[in-house]
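Working notes, structure below.
In this document, chain identifiers A, B, C and D correspond to the written order of the chains, with residue numbering beginning at 1 in each.
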């Protein structure tokens, strides 16, 4: 099971992230997901930049998002991230994006990752990392 | 059913789209999907910019991508797009991203869209547009 | 003259902002400049989103940046922004980007802006805004 | 002197590149500049991706742009690029962005680059590259 509950981080919608409809372009939610999982990992002691320096990369092998309400320019959004699984060379996260001002749900999503080394070969996540994340 | 087969467009991987791993960041595939459906629509006579000028917007309500192999800086990728459904105020597309040089499959994905007016209210797609896309 | 000193805001370098050289792509500095001037304006009581809602837009008419040292993935950078001029329908800002950890200077730059209305016609900035910024 | 005239490439304005004002965000012009110089180099036989594989990097040390008229969503813009200087470990480019439909001038700009090796140390550009570009 995945303990530790979720992790929240707040981000403000930037001007270039907003499109002609005046709302955050749908690709930006995946950037927020990435910020969400990076901060979750940092808080649990697994700094992603340090993992890469050790030759452990976690590319996205699957990503999905369902959009429920738009995020507007200059809104602060809250990204809630949870680990869904962390085993062997696989790890997954789920996300909720909320408008910080009133908690309204803006989007939900998930990503799946494969641990690889610097040459792109699968490698098990170190036990210590699995324990931090699981 | 959705006739007309798919539509292909080629795009070169740009320098700022590539990340520290030397490959296109996973958010870029959604930009390619958008280029794919825009060109499919253009070829069928439904120019998306003109639709917006008429007050018809097609925001993404769901998006997903499965990543199979990396796209590298300066690679040319081919985006193959097909309409999966087009009915009422709903339209969906599926995508395949291939490396143009050898046809290798890099990613597959799908997006779902809701037709809305300039105030964000659902509106049926005009019959003419549905016929062009279906 | 432009009083009030400068305004500082900190931003973390995001994964998709970093390129194949492992450093922030040179376009990202202009996004940081935009965050810098937006926060300077907010602190002085001129919320840019609210200006736009009143039909006052401040598009960039000139932008420049000199890059002195790279910003790396996950680094926190500090953006220092100052108003260089604010008169009539013209406003200018200067910027310094520093690495937050040690204060090292990473880049300097400037932007010039023209105040326009929603139809793209020049319009004087309201006296109240000029006083807040000058 | 720098012979060989300029080099032109056309690019379509993408949806996520357009902001709330309905025009290309000012950072996108620097991406177009990069596409412009990459294609100029490719046509002269100096493929930038191949240079990097040989350990020659050309980071931007200075960039500037003057914006004259907006580029709109789905417009095709033409990027005209010329080499301004290429000597030792230094190279510079100038750019003109035009609307392809009518040739209207949208922006002009310039970038300066320093040749470095994979460790960030200055290195002279190979004579062959200087000759191709100069």
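Note that in this section a residue touches a chain if its C-beta (ideal position, glycine included) is under 8 Å from a C-beta of that chain, and two chains touch if they have at least 3 such contacts.
Computed from a predicted model, the values in this text were never measured in an experiment.
*Asks:* Once you count every C-beta pair in contact for both, which comes out on top, A-D or A-B?
*Replies:* A-B
*Asks:* Which one of the chains is farthest from subunit D, going by Cα centres?
*Replies:* The most remote chain is A.
*Asks:* How many angstrom lie between the CA centroids of subunit A and subunit C, rounded to a whole number?
*Replies:* 27
*Asks:* With centres defined as the mean C-alpha position, give me the subunit A-subunit D separation in Å.
*Replies:* That gives a centre separation of 33 Å.
*Asks:* Rounded to a whole Å, what is the gap between the Cα centroids of subunit A and subunit B?
*Replies:* 23
*Asks:* In subunit A, which residues are in touch with two or more of the other chains?
*Replies:* 15-16, 20, 27, 31, 52, 73
*Asks:* Which of the residues in subunit C end up touching subunit A in this complex?
*Replies:* By the definition above, subunit C touches subunit A via 14-16, 31, 34-35, 38, 47-49, 73-74.
*Asks:* For subunit B, which residues count as touching subunit C in their complex?
*Replies:* Going through subunit B, the ones touching subunit C are 15-16, 18-20, 22, 25, 27, 73.
*Asks:* Touching residues of subunit C toward subunit D in the complex: what are they?
*Replies:* Subunit C residues touching subunit D: 20-21, 23, 26-27, 30-31, 52, 57, 59-67, 70, 120.
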